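The same subunit A turns up in both complexes below, where it pairs with subunit B and then with subunit C.
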Partner chain A sequence: MAARFASFARGQLIALGALALVPLLDLALPAAGMESLQLAGASRSVVVFAILAIGLNIVIGWTGLLNLGIAAFQAIGAYAFAILTWENYPFQIGFWPALVAAALIGALAGALLGAPTLRLRGDYLAIVTLGFGEIVQETLKNVEVVTQGTKGINPLPAPFGLTSDRAILWFYAYLAILVVVVYLCRNLEFSRMGRQWFAVREDELAARCMGIEPDKAKLKAFAAGSALAAVSGALYAAALGSTAEPASYGFEISILALCIVIVGGIGSITGVLVGAMVMLGITDVLLPLASDKLQDAGIGSTANVFSSPNNYKYLPAPGRPRCSTPSPVSTSRPRDACWSRAMCPAGSSPPA
Partner chain B sequence: MSSAQPLLEVKGIVAGYGSVEVLHQVSLEVREGEIVSLIGGNGAGKSTTLMCTSGVVPLRAGEIWFAGKRIAQAGSGVRADLLVPMGLVQVPEGRRIFPRMTVLENLMMGAYTRNDPAGIAKDLEHVYQLFDILKTRSSQLGGTLSGGEQQMLAIGRAIMSRPRLLMMDEPSMGIAPLLVARIFEAVRELNREGLTILLVEQNARAALKLSKRGYVLETGRVTLSDDADKLLVDPRVREAYLGD
Partner chain C sequence: MLVSGHVPSRQLTAGVIAGFLGVGLATAILLTIALRINDVWSASIVELVAAQQLAMQQARAAAADGAAVAPIPFDWTESARRFITTLLGGGLAWSWLPMIAGFAVGASGRAVIWSRTRRTPDVVASAGVARTFQNIRLFPELSLVENVTVGMDRRLSTGFIGSLLALPSALRERAQARAEALKLLQFVGLGEKAEDAAGNLPYGHQRRLEIARALASRPDVILLDEPAAGMNPTETVDLMRLIRAIRDNGTTVVLIEHHMRVVMGISDRIHVLQYGEKIAEGTPTEIRNDPKCIEAYLGKEELG
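Let's look at the complex of A and B:
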């Protein structure tokens, strides 16, 4: 085929555009008199995990191979990046070369794992990749000479000389990388290689009848997915200034990536972008926010309930022993008025 | 016998799965321009013969020659992905279309190993002309077609590979009789245009009527081989396969 390039799909542009606008909320909210949500950092995580999930999508969504150990390749990318840039190692090759090197090392690792395991099907491949995920974590933890064990490799130099107070700029730099990744993958999807992966996913025997060698196709998918996972790991480490401990690349991360792929609609790059925003919106923005608000309200903290019962309108106020004079609503079931001995203020009679 | 070298020559092949030997010394040949049918009951080894020829099942003994090249022998063979560009194309049993690709995408997968846009466009037009229903349904997902339409798609997809020899495995299986007639008509038409076809069928009568020659396979051995019109009147074939 001659060099023809697919441009972005409309959904991809909308998703990327929406993501680009998110940190601006941080600027708009204080202006509107509300508290800033510190969304730039969370948006940067969205980019990191979107790249991880785009990689996983190649393996699961396009080629139909269930890989439950994608976080291992993220770890490999993060540590490769760290080793190549850490001040105590002689390499210090800089951000971009290290990012590319991490991708290549990730692809190599993917091919090495893929070669002996791709004959396995479905569940069995899932088990092997899951095991590989654990092996990588344990190895990183125990090869302390190289990886600093549970301390992780840090501090890592920030890319482009960005400091943590320039979070918004940092996010846009990462977003630019995501745009490139989306563009490349979009073209991969409609390339001969992409078609090959789809054919293998749909029907291996039929693919063979079309002149496709399924094992080779799967190996390429594994390598491509792992390379993107490694890029994601490198960006993660660069953003954190540390590889963090090996346990940060555990099974939950693989499952998070899987959730992102599935929530957005398996096989779709737009879906991955949306899925990443939804899933990280939940884990990184809504959950911390909700738990803050709940804590402010005292919910989830029993200590508060007992120390300042006045805050809790549904509890009987001291001196007004509602337990002994049940409200009209609960006349038929007086026990409901007061649901535990401990909740009854002193002086009121607990239920029988 | 014909003087020209056969396009496909299967010489005493032995093959099987695990400890079970399915084919015991099967030999057959297909000459340029012929339709040859391979008939036989369930488990006779018809599909395995095709699988060996298309490089999916390895040989234990014997050789297979295609267009003057040895493509398989015991312990080694040309990989499936290299056989397709040579012109040896299989329509697999059970259609095996790609269900989540559109009809057009399925057809284009057939042209996967080719790199001549003009020729591909011409062959696509040819397929649409042969099966006009595929043109109407070109943007529909393959999985939503009826069985007969899927079989047409599978044949169309194989034609997109521009075969020299088309091997068809049970093209009439599980398809409405009306569509079976339509598909056999298309096979005849393709042959008239010069395509060589090896047809594996349980529907022995229809296959033999279409064919020039036929082979009868029984439990992994060729027990009869003759011109198709002679097989059609052969008492053994009539009794065993034609239900007379």
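Let's look at the complex of A and C:
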């Protein structure tokens, strides 16, 4: 059983190793005469979202609390990091101190959300956290004096003096941070803390009767998960050189993190790493690639015609349902018969 | 660097710092309140149940010629120590369990166990009262060792930081806890299956695992809620041997059981309850010959 105490599981080493090799394709493909895929940037976002999803995994996978507002903590981390490093604020404490500070502020915010929701479970907790996500977004948008509103805080200084054209070096710096995060979370998983979380997830009453205090365990889970989300946000902002607008920390980011956790297998760090590669591989590499290729082939524009609802009515549609009571319009122009009552209020003619 | 828009003033900076501090303070206050409320809430439920039962019992006692009824139907002092005490009861015996666990022991003033005001189950557990559940409540997805180690939790001292950084003290404690858990599993006869998931165990073994988990906290008192329920004769004999071994190791056992072979076979003292009130007390032989018990459990012989 010594294997269970080892610092990294074999699966985690394989996943991290595979991720480390991906950006090398950027060098290999042009050398082989093929088109570069710009994988370094995508790999960097894999790291950012893997850290976010590892944080979410602590809350959802280990403690069994359904949190749908994890992106809010990413936003909090990004803005805390930005405020602490932006040249127009007097802090400018540098990359590493700001990263740690962002994590602490994220943990604090997590505890702040966790405290009033201790008694909630399942769907109810999901609703509260979802609402919290929206509140944070709106607040950041509207407190313009501090957060610059929809403009976002920019430009942020690049960490380690890296410029955006050195994407590969940047990626390896981030990968090192991911390795540290995985190591720490693995420690937690096999420690007393992790055991308390699992016990609370499996049976809260039984855990309580064994002398565990579920409230404290849940708060710690919330704080730890949010701290990781905040680190992820800080890395995101640092890579972008900007916090971007508050809307980029929206509900769909929370869902993306949830997808990463679930695709890889809930509760497993290895799974999160694989899930991040799969999901970000689809959204950041395959989709842009596919849309480029389709555009090149001229299929893209055709697909647009089909996918846009406004163009739908110009297409011949033999099986289209007709209005049950024929209106004057439909009797005079059977070809343009309205196919939805909602689209053709009585008396109005469909647009030509 | 050219930045379009607003350049924050010194005042604003002060505002941001004040904001951070304010959020921190608010968190601290909210946390304190939330934890307190939860405690008070859980404790009040336990006390409500206990108080209702007490009132019920007193009303019944008043109806039956005003005999005073003790809050606990049996003497909970040193005399109960190191005994297997069985509560043999029609229907309401189980209702004494949360009382013993959560209320009566502390409130009646005879507590040998603890005297703190908060009485949530986790406090009861950390005071040295462990229990098993009638409907088994293991952690099904954790391994046997982990299940037992959770039971040990109140004796461990590793904190969050120690866990996070895998400090040497935390690693040492983890190894010790694991070794001890394996020893306990051996004690209840599940040593070979230590790494299986608890949910995959057969029923009888799950009961044994629950007992091991309860023992892991090194309790002064262990409450077993119908441990023989659903067991076949062989398993029952093994269980009796196990319970005796627990007593011989110096733990007080309180048993709620209907299975007569178990009750008569291992009890040092038996308290017979009928409708939540004690009708007899004594050794198994005494109980067997007690007319009130015979009447309560076998019925009265109709004459004529």
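Everything that follows uses one rule, which is that the second predicted complex is superposed on the first by the 295 of 352 C-alpha atoms of A that agree within 3 Å, B and C clash if a C-alpha of one lies under 4 Å from a C-alpha of the other, contacts with A are read in each partner's own complex, and residues count from 1 in each chain.
To be clear about the criterion, a contact is a pair of C-beta atoms (placed from the backbone, for glycine too) under 8 Å apart; a residue touches a chain by one contact, two chains touch by 3 or more.
Note that the coordinates shown come from a computational prediction; the quantities given were computed from them, not determined experimentally.
When the two complexes are overlaid on subunit A, subunit B and subunit C occupy overlapping space and clash. Of the two partner chains placed by the overlay, neither subunit B nor subunit C lies in contact with A:286.
Of the two partner chains placed by the overlay, subunit B and subunit C both lie in contact with A:212. In the superposition on chain A, A:28 contacts neither subunit B nor subunit C. Counting the residues of subunit A that each partner touches, subunit B and subunit C differ, and the larger count belongs to C. Of the two partner chains, neither subunit B nor subunit C is touched by A:135. Applying the stated contact rule after C-alpha superposition, one finds that A:195 touches each of subunit B and subunit C.
In the superposition on chain A, no contact is made by A:297 with either subunit B or subunit C. Contacts of A:180 after superposition on the shared chain: neither subunit B nor subunit C is touched. Of 1-9, 19-27, 109-117 or 163-171, the segment of subunit C running into subunit B after the two structures are fitted on chain A is 109-117. Shared interface residues of subunit A, touching subunit B in one complex and subunit C in the other, are 1, 192, 195-196, 198-199, 202-203, 205-213.
Residues 1, 192, 195-196, 198-199, 202-203, 205-213 of subunit A touch subunit B in their complex. By the touch rule above, subunit C contacts subunit A in their complex via residues 1, 3-8, 10, 12-13, 15-16, 19-20, 23-24, 26-27, 30-31, 33-35, 38, 41, 120-122, 124-126, 130-131, 133, 137-142, 146, 149-151, 153-154, 156, 158, 160, 162-166, 170-171, 173-174, 195, 213, 217.
In the complex of the two chains, the subunit B residues touching subunit A come out as 54, 56, 79-85, 89-92, 96-101, 105, 108-110, 112-113, 115, 117, 157-158, 161.
Looking at the complex, you find that subunit A touches subunit C at residues 1, 5, 83, 87-90, 105, 108-109, 111-112, 115-116, 118-119, 144-146, 148, 151, 155, 184, 187-188, 190-196, 198-199, 202-203, 205-216, 219-220, 224.
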